[in-house]
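We just call them A, B, C and D in the order they show up, numbering each chain from 1.
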Amino acid sequence: MTINVDRPCGTFDSNYYQAMEIFRTPLRKFLMIAFIVLLYAIAFILDDYIISILIVFCAFSIGMTGLQIITGYAGQISLGHAAFMGVGMYTMAVFQEHLGFNFWFALPLAGLVPMIIGMLFGVPAVRIKGLYLAFASLAAHFVIVYAINNWRSVTNGTDGMYLHRPGVLLGIDFMIDKYYYILVLTVTVIMIYFAKNLSRTRLGRAFVAVRDNDIAAEVMGINIAHTKVLAFGIGCFYAGIAGAVGGGYYEYVNVEWFTLTDSIWYLGFLVVGGLGSIFGAIAGAVVWKSLDELSTLVTPITEALLGGMAFYASAAFSLVIYSLIVIVVLVLEPRGINHRWQIIKRSYRLHPFPY
Amino acid sequence: MLELENVEVKYLNTILVLKGVNLKLDKGSLACLLGANGAGKSTTLKAISGLLRTEEGAVTDGVISYDGKNIQNRWPEDIAALGILQVVEGRHMAEHLTVEENLRAGGLIYKGPRSQMGKDLEMVYSYFPRLKSLKDRTAGYCSGGEQQMMVMGRSLMGHPEVVLLDEPSLGLAPLLVQEIAGIIKKINKTEKVAILLVEQNAIMGLDLATYGYVMENGRIVLDGSADSLRENEDVKQFYLGLSGIGQKRSYKDVKHYKRRKRWLG
Amino acid sequence: MEDLLKSIMLGLASGGIYALVAVSYVIIYKSTRIFAFSQAGMLVIGAYTFWQCLVVWSLPIWISILITLAIAAAIAIIIERVSMRPLIGQPILAPIVVTLGVMLFLRGIALLFWHGEVEGYGEAFLPLGVWHVGFLSLPKIQVYGFIICMLVIALLISFYKYTRTGLGMRVVHEDHLVAQNLGINVKRIFQYSWIFSCAVAVIGGMLLGNIQGVGLDLDANGLIAIAAVLFGGLESFGGAVIAGLAIGIIQIFAIQYLGALLPGEITMLVPFVFLLLILLIKPYGLFGLVRIERL
Amino acid sequence: MAVDTRDIVKKREQRYSYGLTLLRDCIEETRDLPNEEDFFKKNVLRVEDITISFGGLNALSDVNLELREGELLAIIGPNGAGKTTLLNVISGFYKAQKGDVYFQDTKITNYSSHKIAEMGICRTFQNIALYTGLSVIDNIIAGRHPHIKYNFLNGMLYFPWARREEARQRAIAEDIVDFLEMEQVRNTTVGMLSYGLRKRAELGRALALEPRILLLDEPMAGMNLDEKEDIARFIVDIHEFLRIPIVMIEHDMGVVMDIADRIAVLDFGLKIGDGTPEEISKNQKVVSAYLGKAGEQ
């Protein structure tokens, strides 16, 4: 008989609402709340350097969740995700610069504009499938970067643009990094909660249906064209928000910030994190940005060690180490960190009997 | 020749599927493995042919031996090279290749002279005359029966000593089931190939086989010669569809209560 | 007319190399269903290794070529053994991302050894100079390059069509399970594919190094070749060749005729937008295998 | 018409299986179940002169078929005769080159397949086509997709009404799970289920769509006797309790003869027979093309 090992033992649902809960036991609910509170609390403990890293983690977690919706849930491979993050940054900047919007009004627009562009580039997904779609979506990246580079009157070309954080609100000055971190964290928590809701409701199931068996989904009453385009739209909405809050931290945006490599690594670290779960998306983002941080940390060390030829060597070393870690992680756990995490949980639940 | 002793299989190291299976297949014999869905029949075959490895499963206990050599947990191609070929359930094939190319691909494993390929093709076509007329069709567009013939013919191309046949009658029309059954019998007789047949169609399975095993919940619960199994009351009731007095029930008035009996194992 | 012919010749020349690189992707895809980004890195490695042998160590040309091919084969075997073999049968995106990692790794290696400086073969490899045919002036390098590309591709196509290993590779492409089931040694097929592919890629790298100069930026050609692969269809050598040539020509045309309309850098933009449009009409490229959809 | 009119009310009282009551209520909300007088009179599905060919090969040529309200029609025929193709044409996956499909007098030939499914023509598949990454219960709720009445924003924000709707849908789905006796595995990912259970889950998903016509493509292939009896019972129950007309492709003649009201026979894309089980079993053409020895039993 099949024992269900995907939930903690001893939990039984006595009504349908319980079956739909995100957290099944009070303990887990408490742990999650405690974790979030901790995230808020550390803003007042840690220094600005760590906070800057945490902000990047948050922003990329949102963006990665967006890609998870497109690729992990709806199964449409997108190789232009960083570009949509860029669109979000630029939307924010353009609306602030040219139209005088403040942060709060520009933020939803920074989601909506990429959403619309994303839906446009999502339309080909109705016909194109698999790897073909992946590389066709590279076109999105090139078109967006080209447009930003060459539409100088609006985007300032390669010179980049300035963003502004929100002004003082309720006595909170967002120019101070830790308060801005709290803002970003709040946005992240909300966005991830929404994504979780999405994944357990109607559209989320339609996404998975399209991913697992698009022909059957069509015959079973799911409009796959709508669903695919919506997946791109929502995913790019997330990317745009991620770009807006991330760019807001630096108060500056440049087209160099979302190169093709970034777009490709978005997909890469999504796989490292694990496809098809929010946890995987966050894990992917955190691993990615930690590695980035690590490689900047390595630079001074190699410079000290190698002296003269240090410039090349350190760049090369960080590349080599970076790529080696990715290779090793994926070779050891091809289904991503999330999969390993599930196995650990499963064997914990079954302890002391392994099956 | 092929022998399974106390074989235990786990998937992902957490899910126990086979709980000690014992099974024996003699040279040139035809044995049949019956059992409900999910009892572990296909897993048994995959454990023998090594295909478990690709599904994150492994033989964790017991011995699978072939001609005295232990073969558990080897790579499938090594096992195929020993002459054990599995015809997987669901007619997996190279969809975009033609029927003849598929057959030829089956012959790649045979290490003998190259001219043998042509003779083997003729041999397969003599068993399955219908394939000859289809040889340039794209395999993916053939009907289920034709595909079944093709995958069976393909396994013959490799000069196997043991063929593990997984559900050859799945989804086939009655007339075709008879045809396939006849061919299985003929191949077993003339090519001296030992066949381990997994079948839901117990009537056909026991008709063909000389020895039968019944599997439930990852264990062999009953075995014996095909004749003795056919006489067994439980087998009659649960697999052959004959109630106590030997009369067939109508599906229309079939039980509206749960009637399944389980062997305790 | 004269301009048109000239740009077509130019396009063909660069297109020939795209075709060659595209073929190196196709080889791996055809047997493993993995899209190997790492081949873009192999271009760079190939170009640099050859430069090292030929120019720095002043070895004879044939020995240099052999050494480069040998190193390519060695790298191929290492990649396959270490990173690809454990991933047989795993979800398809994981190995693809691993090849991405390998691409960056190779780039890092090239940076480490050669510091990313742009070098050239000078006279040492293919002859410089120009042939004059009528009003056309054909750079010898590009003509030789084109011929070498076509030769290599023709060899490969006949290998797949007429040999037993070729048939095995095609079966492996269709379904790993089936292949293993038939006793085809999937691992060995993977290894062969990687060796072939890397060899083709380094040949592409040498030719590119001769034409564009040896540098880290050669992998951009690898990216454009991706557009060619998909345009031609992921499984088709013929398609890759035609598409590679077409992309070369389209690129030249776009630069010449659309340059006024679209200012700025469009060498990457054009192939991919073109690819997107083509795929909308033919979702599986020109000759790609159409997925058999049955219910 | 040689179909015997059954006493449906009596049958319903004799039901022994649980479940489906909620689904029945759902169906009754949108339409009246046919009452006994006009039970077998109305045509629900009409297939007219369907011709379709693949690469020069005629898969179906001029096939006509009618399905009446409350009927259980079995389609039999050798492999490659075009049975599945016919279902594919009805559910809009293939477009016929000639001929039309009518559903309750609406021409649905050129409708897209999701539209057809929304109208209530639901099916199961020969080679199981479940959403492998979802659990059984989620597969069934995913089947209810067209009947869930909130848009994705409500879902994302998880408003109370979306939550209530979600619970209602889950109740219906659980009802179907009960009916199919899959309580044990309801939270198991379908990819890990055995073949028979997956077939059942697929039946459940089709039911969840509140079908007006149920198309079953070899529901009992690859099952042993015990499981066949289960599925046969489910089909009979669905047929009688929900009064859904069913088209069923099946090779097991024992089942077909017992539970079908009418049998249509296809061979090489042509309809070579149509009639009650008794008529078919005596039809010499059918026996030689399809039944062989099995027909003699």
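Note that a residue touches a chain if its C-beta (ideal position, glycine included) is under 8 Å from a C-beta of that chain, and two chains touch if they have at least 3 such contacts.
What you see is a predicted model, and the numbers here were worked out from it, not measured in a lab.
A.B. asks: When I count C-beta pairs in contact, which pair ends up with more: A-B or B-D?
C.D. replies: Top pair by contacting C-beta pairs is B-D.
A.B. asks: Per-chain C-alpha centres versus the global one: which chain is nearest?
C.D. replies: Of all chains shown, the one whose C-alpha centre lies nearest the global C-alpha mean is A.
A.B. asks: Averaging only over C-alpha atoms, locate the centres of chain A and chain B and give their separation in whole Å.
C.D. replies: 47
A.B. asks: Could you give the separation in Å between the centres of chain B and chain D, each centre being the mean of its C-alpha atoms?
C.D. replies: 30
A.B. asks: How many Å are there between the centre of chain C and the centre of chain D, using C-alpha atoms for each centre?
C.D. replies: Each chain reduced to its C-alpha mean, chain C and chain D end up 50 Å apart.
A.B. asks: Calculate how many whole Å lie between the centre of chain B and the centre of chain C, each centre taken as the average of the chain's C-alpha atoms.
C.D. replies: 44
A.B. asks: Two or more other chains in contact with one residue: find those residues in chain C.
C.D. replies: 294-295
A.B. asks: Can you list every residue of chain D that touches 2 or more other chains, as numbers and ranges?
C.D. replies: 93, 125-127, 129, 192
A.B. asks: If you look at chain B, which of its residues touch at least two other chains?
C.D. replies: Touching at least two other chains: 15, 141.
A.B. asks: Within the complex, which stretch of chain A touches chain B?
C.D. replies: These residues of chain A touch chain B: 5, 343, 346-347, 350, 354-355.
A.B. asks: Give the list of chain A residues in touch with chain C in this complex.
C.D. replies: Its residues touching chain C are 77, 124, 127-129, 131-132, 135-136, 138-139, 142-143, 146, 149-150, 215-216, 219, 260, 264-265, 267-268, 271-272, 275, 309, 312-313, 315-320, 322-324, 326-327, 330-332, 334-336.
A.B. asks: Provide the residue numbers of chain D that touch chain B in the complex, in ascending order.
C.D. replies: Per the stated touch rule, the residues are 14-17, 54-55, 76-80, 126-127, 181, 192-197, 218, 221-229, 232-233, 236, 251, 253-255, 258-259, 289-295.
A.B. asks: Mind pulling up the chain C residues that touch chain A in the complex?
C.D. replies: Against chain A, chain C makes touches at 35, 37, 82-83, 86-87, 90-91, 93-98, 100-105, 107-109, 111-112, 115-116, 223, 226-227, 230, 234, 262-266, 268-269, 272-273, 275-276, 279-280, 283-285, 288, 291, 293, 295.
A.B. asks: Which of the residues in chain B end up touching chain A in this complex?
C.D. replies: These residues of chain B touch chain A: 10, 12-16.
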